[in-house]
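Chain IDs A, B, C and D follow the sequence of writing; residue 1 opens each chain.
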Amino acid sequence: MAVRVQREDFDLGAETAALEAGAGAVVTFTGIVRGGDVSAMTLEHYPGMTEAALAEIEAEARTRWPLSGATIIHRVGRLLPGERIMMVAAASAHRQAAFEAAEFLMDYLKTRAPFWKKEETGAGARWVDARETDESAARRWAAKG
Amino acid sequence: MAVRVQREDFDLGAETAALEAGAGAVVTFTGIVRGGDVSAMTLEHYPGMTEAALAEIEAEARTRWPLSGATIIHRVGRLLPGERIMMVAAASAHRQAAFEAAEFLMDYLKTRAPFWKKEETGAGARWVDARETDESAARRWAAKG
Amino acid sequence: MKVLYFAWLRERIGESAEEVSAEGLETVADLVAHLRARGPRYEAAFEAPEAVRVAVDQKVRDWDAPLKGAGEVAFFPPMTGG
Amino acid sequence: MKVLYFAWLRERIGESAEEVSAEGLETVADLVAHLRARGPRYEAAFEAPEAVRVAVDQKVRDWDAPLKGAGEVAFFPPMTGG
């Protein structure tokens, strides 16, 4: 079990390897800053609350699926296109549990953890709006839970 | 786009990093030899047909989702508990496409690519039986397709 | 009581944290009304209350949440991590 | 025509590949009947035909698939990769 908020990059291979012992399946998600009209992105968070929220999200996933391990790492600070923003990983004996738990971690992370993104573009800087599709993706788990 | 059948291990971090350029999301699945009563597992395949089947599975995924990249690596030969068996990765601008494509790659890989697993246990060696749940998981995509 | 602001609320108010006396404030809504009365920067931050979320002692709460015993209240837009 | 066997079919037959004349064999089912007539090792391999899959020139086919022009026929159990 690991939950980290950090400025530094992470090593997906090493993080996944740490979950492999005793698992049959590990699913990971890596989020990357997209380019296009965005020249940089700054991630702000709420120190203290963020770590608690991530730990709660991870604990919730462990009550729903038989996980042998899970990891959430989210970067903060200013990131350039192509840089990794965050990762989640879920390890289980069974592939379906690993896939579902990873999706759950992502959906809850996007809507329940206090991070905010600000994008820099040629036309100035703008805060990213929350998307209703993210909220409805997160709500589907409540219906199943 | 990469499809490989090999004896050697692979580096999930490096394989994923190769897909990150131009993507917003990369989802990976890693399969690991489980321990328990299994002391080793041997993967047999059909050289030539395997590579063609994997390429076809990957091409099919690319017609179904807007992927910026995808990778399938499957090991063959004798593997010990804790060793990595295979990985798939799907990269897209959108997280849902990356998740769905990775699940699709796994479901098709399990039922459409000519690999066979033989397990060594204290009670002798046995060929792993195909599971109806794998076949029905693969069929769900046909229904949607 | 410590009051924190994040993202565009922080930018509009021009502060990331300040001390506010909880005297006479029963709920989060009372606190917001009290802050809005301070002037245009606060008015601008809270002009669309439905776009503002609140956490009391680091737990997300509704605007009718009581402030009694609260040590830290934070205002921020909907979360956009991941 | 090259005939290949994988996994427990290979083990039961004791060969991974052999040349078989396609003369008089119209379909995969004909080839299987021809092979079974060779003796107990082949009988054992094909005793449960519903558990055996076939590929003709590296494409999965049904047992009524024609063999005309086929260069390579492979028999194997349901796939268990991943």
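In this text, a contact is a pair of C-beta atoms (placed from the backbone, for glycine too) under 8 Å apart; a residue touches a chain by one contact, two chains touch by 3 or more.
All values reported here derive from a predicted model rather than from experimental measurement.
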| item | value |
| --- | --- |
| Subunit B-subunit D separation of Cα centroids, rounded to whole Å | 26 |
| CA centroid of subunit A to CA centroid of subunit D, Å | 48 |
| Shared interface positions of subunit C, touching two or more other chains | 82 |
| Per-residue multi-chain contacts in subunit A, two or more chains | 31, 95, 106 |
| Overall pattern in which the protein chains touch one another (line/ring/star/complete/other) | line |
| Every chain pair in contact, whichever chains are involved | A-B, A-C, B-D |
| Subunit B - residues contacting subunit D, complex | 31, 43-46, 48-49, 52, 74, 85-86, 106, 109-118, 127-130, 134-135 |
| Subunit D to subunit B touching residues, read off their complex | 4, 6-8, 55, 58, 60, 74, 76-82 |
| Interface residues, subunit A side, partner subunit B - complex | 11-14, 16-17, 20-32, 34-35, 82, 84, 93, 95-96, 98-99, 102-103, 106, 137 |
